[in-house]
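Each of the next two complexes has chain A plus one other chain: chain B in the first, chain C in the second.
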Partner chain A sequence: MAEGTIALLSFVLTLMVFSYVLGDLPLVGHLYRTAVYIFVGMSAAFAAIVAYESVILPYLQDIQNPETSWTALGNSTDVAIFLTALLFGLLLLMKPIASLSWLTNGALAVVIVVSAASAVVGGLSGTLIPLIVATAAVPDGLATDFQALTNTLLVFVGTVTALFYFQWQARRDDDGAPVQSPLSRGLRNVGKIFIVTALGAIYATTMLTALTILAERIGFVFQFGS
Partner chain B sequence: MSRTQRLGIAFSAFIAFAVGVITTLSLLLGDRPELYAEFAGAPAFARLMSLPAAIMVRLVAITSAVTIVIGISNLLYVHLGRVVRGAFFSIVMIASFALTIWWYWSKGGDTSLLAAVQVPIESALAALLFLSMVQGGARVLNKRADIWGLLFVTVLVVVLLGTVPIESLGPVRAWSDWLMEIPVSAGARAILLGIALGTVVTGVRVLLGQDRSYRG
Partner chain C sequence: MNDDDFNWLPQEEEQEAAQQSRRGLFRFLPRFRRGRGGAAASAPSEESSLSGRRGLFRLIPRFLRRARSAPTEATAADLALEMGERPVEQLDDRLLALRERAQSRPEQETVSPREALYDVDDVLVRPEIIHRPGGVISPLALSKAQQEQVELLRDMVGGTALPDDSQSEGGLLSRGKRLFSLGAIPHLLVSILMLLALALPFVATGFSEGELPPLAFHEDRHGTTTAFNMLDNLTLDDYVLLAFEYGPTAAGELDELADVILRHIFAQGSKAIIVSSNPITIVHARNVIAAIERSVAPVSTRLVENQDYYLLRFLSGGALGLRDLSRNFGSIVNTSARGMPTGLGFTSLDEMTLMVLIAERAEDVRHWAEQVATETDSDFIAATGYAAQPLAEPYVYAHEDIVGMFIGVRDAYTYNQILQANYADYELPPRREDPGTGDGESAPTPSPTPTATATATPTATPTPTATETPQPQATPTPTATPTEPEPELVQLAVAPAATATQIPSPVAEVIAQGPVNIRRRPNTASDILALAATGDIFPVLGENGDGSWINILLPDGIEAWIASFLVEQYIAPADGTGGGAPDGSARAGDGQTVLQFDFSLRLGKTRPRFYQANPPAQGDRAEFVLLRDGRQEEQRLDAMTLGTIAAVLVIVAGNVFYMMRALTRRRRASQGN
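Coming up: the complex of A and B.
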């Protein structure tokens, strides 16, 4: 596609999306929705293309070559795995048929359980262990550097109290109403300070990203218009 | 509940447990020859241990790709039904889908439509997000006029001002850097740890058969 055509299409579509700020006016309101439906159709098409070209097609080509086998168990095993995956897809398509639920649930169980196993191992080795090690790590020269000591302690206390904030513990008083101990309430409030601060900063950085994109789009519209 | 249904549930639970345990063990113990260093043929054994997980992950990857295609087919089916009734936006959606597929195949994998249509719409939508976020920030002060709302907006303003390249705002920038380095880092770590703990706990519940969402 020519550069000029790409720029013209970009200009028109950007204005169509920006028409959202004008509100639900007759005709103008349709421009935004039209752009969104174009976006949905195109995203669905690209998702289908990527699913086919990046996942299904490479495996299909792989099993057509009897000389190669990624499992080292022979080409026939690869073919069996590919056909099993297609069968699973077919079974998931038949999920609304209640009489076949014992079979379709089995296929769904495999998909969910393998995803859960990957999530458990990934969560442990990729997030939990590295973060715990990083939080508990003591930097070099901490005994002599007071500021580093304070900062390290603050990060540790902040992480622990913020985690404590997610745990709600209370006992019942004589009337049966839940009552938190002053220590628990205090720790949760300290944790809340860190969580609200983190959320505020994350909100600010997201705003900055959106502002950068907005400036780029406005710049493009003015540049194209001139 | 009939006997067949009970057998079906037991069958699904058994499959889930067996596949889950084998995949988890294979992911944890496979492809790590250092674990079997004292045995002869440790690399070959480590490869063999990783094979069940590799097979299951590939199986699920292909199944997921097939389910994406099935989901998109369902989307098209629903909108084709509306096209018959003359729904304008469904016609736009179907036309956009058909044009993209036709363009991609007829032009030998050309993705210039992505640059001309998809990227501008995505960028413009992301830009609109800024306006919504400004409105959301203002509403925090209106609806939650307490110490936490005030703290949220204060941090927001400090971090935003910290990025402005004006010399007189140097102290604010230093404060913003400190905020990002200490309290934000601690809070974000706790949130990430909370997400990871939740993921691991939910995953273990699924693996042990306590959470059987696949029964449908």
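Coming up: the complex of A and C.
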């Protein structure tokens, strides 16, 4: 398709999306919805094509001509793994059939358990431990570098108080009402400040991203118009 | 136990099913049917029903078969009911005390959910639930359970009852009425104001509020300069794993970053291996590369898939797919997105010179940090948008392997400015007559003197490295052959003996086993500016307070720091016997002795380039950098600034408006009372 045609289509679709500004009005509202439907539909179609071409097709080609194998079907171990995956895939496909859906449970359990295991291992080694170490790390020159000292203190206080905000332990008074000590309440309030600040920062940066994308689209409209 | 709840088939049907089980797919059907035969279905005895089973069912242990044959409605409560109550006398003291305490408490009245949450009206804003008719597709449909939950929620927050569908407004007429609804006016005004603010910089001049991004990454940015330098240190032999984890929805923000990073990679002749866990992103990456190709088409040869870049098959399974990538890189890298062999023979991620992640969501950064970065020793660079920055940045600080991060279009602007300055001395090859047919036959002739005029470095050079320095002389090799010359690694000329000043001065010689890091500031969290090898000697400018870091001068005039335990300090002789700066000039500052700097140092794999804002080498494809279309960059940045100002104004005005309205209502209410 010619580049000009693509640009024209992009221009029209951009205007259709911008029609959302006018609200859910007759005809106008449908322009936005139509643009979204086109986007979703084409995304789904592309996903299906790419999944077929890049995952399924190589194996089919290898099966037809094992001599030109370049996928994981290089040796018997890989073939066994492939067949196991194929079996699991077929079992997962049984889910829509009511009378055979029970066959899916085993395969689904394996998928869920492996996913959970990977998430736990990755979470520990990739998130929890590095973040704890980074939080507890004392930078060089802490005593002389005021900025480093300030940052370290902020990180430490913010982490501790934010964690403290989510603890709900309290003793009960004579009437059975939960009572927290003034220290606990104070720490929780400080933690609340850090949390609100963090959420505010996330909201602000999200808005900045939205503005960036909007500016790019508006620029495209004017560029096309000129 | 109710026989109706017992789901086994009666004996006759059981036998019939057993007959059928010998044929075809019937054998896979479960042997039981719920409610089949209605109440008349009688339950066979457990053993008799199971004894008729054949095949795999016999392999099930007996206790499991018994458990399976139990009625599905049996619960722990049913069992408890059957057990009967224990006499009070048999309770021990603790249970008796608990019982008495419970009996002594006043009986609580049953309260409605709304009464239980008595203060919810003060906390929650009552939502106005609009029942809109459907458009192109059918309207929102709720199940009965969902409708009950909606009603409960509505009751809790004090909403009004949902009107019947028969009474709901529908059709074009009612929707047309909303066109004139006063409530829509603020929404419309805000939208128009925002669009106007964002559009002004594109249609008129003089709306440049704020400042453009800096021409160099700020030194306080954690690892950003290091990340740029790593990309700048790539060579012809290097492969970069480029993870595209953003789709068309974030293209407006991240395409700029992807564009400059890809151009930087292509300009140095390195290869980009593009991978993603999202199939749509693979398609989008192809579009980004196509746009780069179009921009350089008049002068440059085309990029060739599976030669200049590789699009790998998408990684299915989300985080599991990433784990698969890190463990089975060899098999994944073999298949392209089109299902064809790539010809790449890598076996491990460690063979990648660098990994760059361009991610839309912080979740993607987390997945890559957890599943990939921890599994490889290759250096890792992240690039995200503003929305993902707050949650992605901690990973850059915490992970040793994640060296730095680029954020949004502002960093893309700075990145491009550095590249443009570095490549400013290049002359583009002549424009091709037919850009659409060239596949190397009209390759650009390399600039005859790519670095000979380095003294005319533009003043806007963002990094202090290339300025003022006569660039390393690469012998120009103009060629008349139509084919593109084989790019050669440029060996930076190292003068064997630089001009040495006559003033003895302290120097620091690296005694640790190299390479050792030379940093911008005296702490290990600071950016790495260069690497030094054992025996390298640098002029000493001073040291920090406790003497743990030595302030040294790099050959190109940059002040840097090296840990004191890695070096030995002494006074250099006045006739200095060392080498010199890469340009052969003594530029170590007045009164300093430049002795030696071994430029075989490198951060990455093979290229003997100075690890700081490299001057482009001969063979670099400058057109990929110089022909970038950045016409609207500054207008976009101005639009972002104006849009931010407008958004803040709208938020402030809205809050003031609602505050004033609330005060007015409160005053009216008090007057009414």
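Assume the second predicted complex is superposed on the first by the 192 of 226 C-alpha atoms of A that agree within 3 Å, B and C clash if a C-alpha of one lies under 4 Å from a C-alpha of the other, contacts with A are read in each partner's own complex, and residues count from 1 in each chain.
Please note the rule applied: contacts are C-beta pairs under 8 Å (C-beta built on N, C-alpha and C of every residue); 3 or more make two chains touch, one makes a residue touch a chain.
This one's a predicted model, so the numbers in the text were calculated from it and none came from an experiment.
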Touching partner for A:Leu22 - first (chain B), second (chain C), both, neither: second
Touched partner set for A:Val179, first chain B, second chain C, both or neither: neither
Touching partner for A:Thr127 - first (chain B), second (chain C), both, neither: both
Between chain B and chain C, more extensive residue contact with chain A: B
Which superposed partner A:Ala198 touches (first chain B, second chain C, both, neither): both
Which of chain B and chain C A:Ala170 touches, first, second, both or neither: neither
Touched partner set for A:Thr144, first chain B, second chain C, both or neither: second
Touching partner for A:Gln61 - first (chain B), second (chain C), both, neither: second
First, second, both or neither for A:Phe222, with chain B first and chain C second: second
Overlap of the chain B and chain C footprints on chain A, listed as residue numbers: 18, 21, 30, 33-34, 37, 39, 43, 46-47, 49, 51-52, 55-56, 70-72, 102-103, 114-115, 118-119, 123, 127, 131, 134, 198, 201-202, 205-211, 213-214, 216-218
Partner chain A, residues of chain C touching it in the complex: 28-30, 132, 135-137, 172, 175-176, 178-179, 184, 187-188, 191-192, 194-195, 198-199, 202-203, 247-253, 279-280, 282-283, 294, 312-314, 316-320, 323, 328, 331, 334-341, 366-367, 369-371, 373-374, 385-391, 394-395, 397-399, 408-409, 522-525, 544-546, 548-549, 631-632, 635-636, 639-640, 643-644, 647
Chain A - residues contacting chain B, complex: 1, 5-6, 9-11, 13-14, 17-18, 20-21, 30, 33-49, 51-52, 55-56, 59, 70-73, 81-82, 84-86, 88-89, 92-93, 95, 101-121, 123-124, 127-128, 131-132, 134-135, 151, 154-160, 162-163, 165-166, 191-211, 213-214, 216-218
Complex contacts: residues of chain A adjacent to chain C: 3, 18, 21-26, 29-30, 33-34, 37, 39, 43, 46-47, 49-58, 61, 68, 70-72, 74, 78, 99-100, 102-103, 114-115, 118-119, 122-123, 125-127, 130-131, 133-134, 139-141, 144-145, 148, 198, 201-202, 205-219, 222-223
Complex contacts: residues of chain B adjacent to chain A: 4-5, 7-9, 11-13, 15-17, 19-20, 23-24, 27-28, 47, 51, 53-70, 72, 75-76, 88-90, 92-97, 100-101, 104, 110, 112-131, 133-134, 137, 148, 151-156, 159-160, 163, 179-197, 199-200, 202-204, 206-207, 213-216
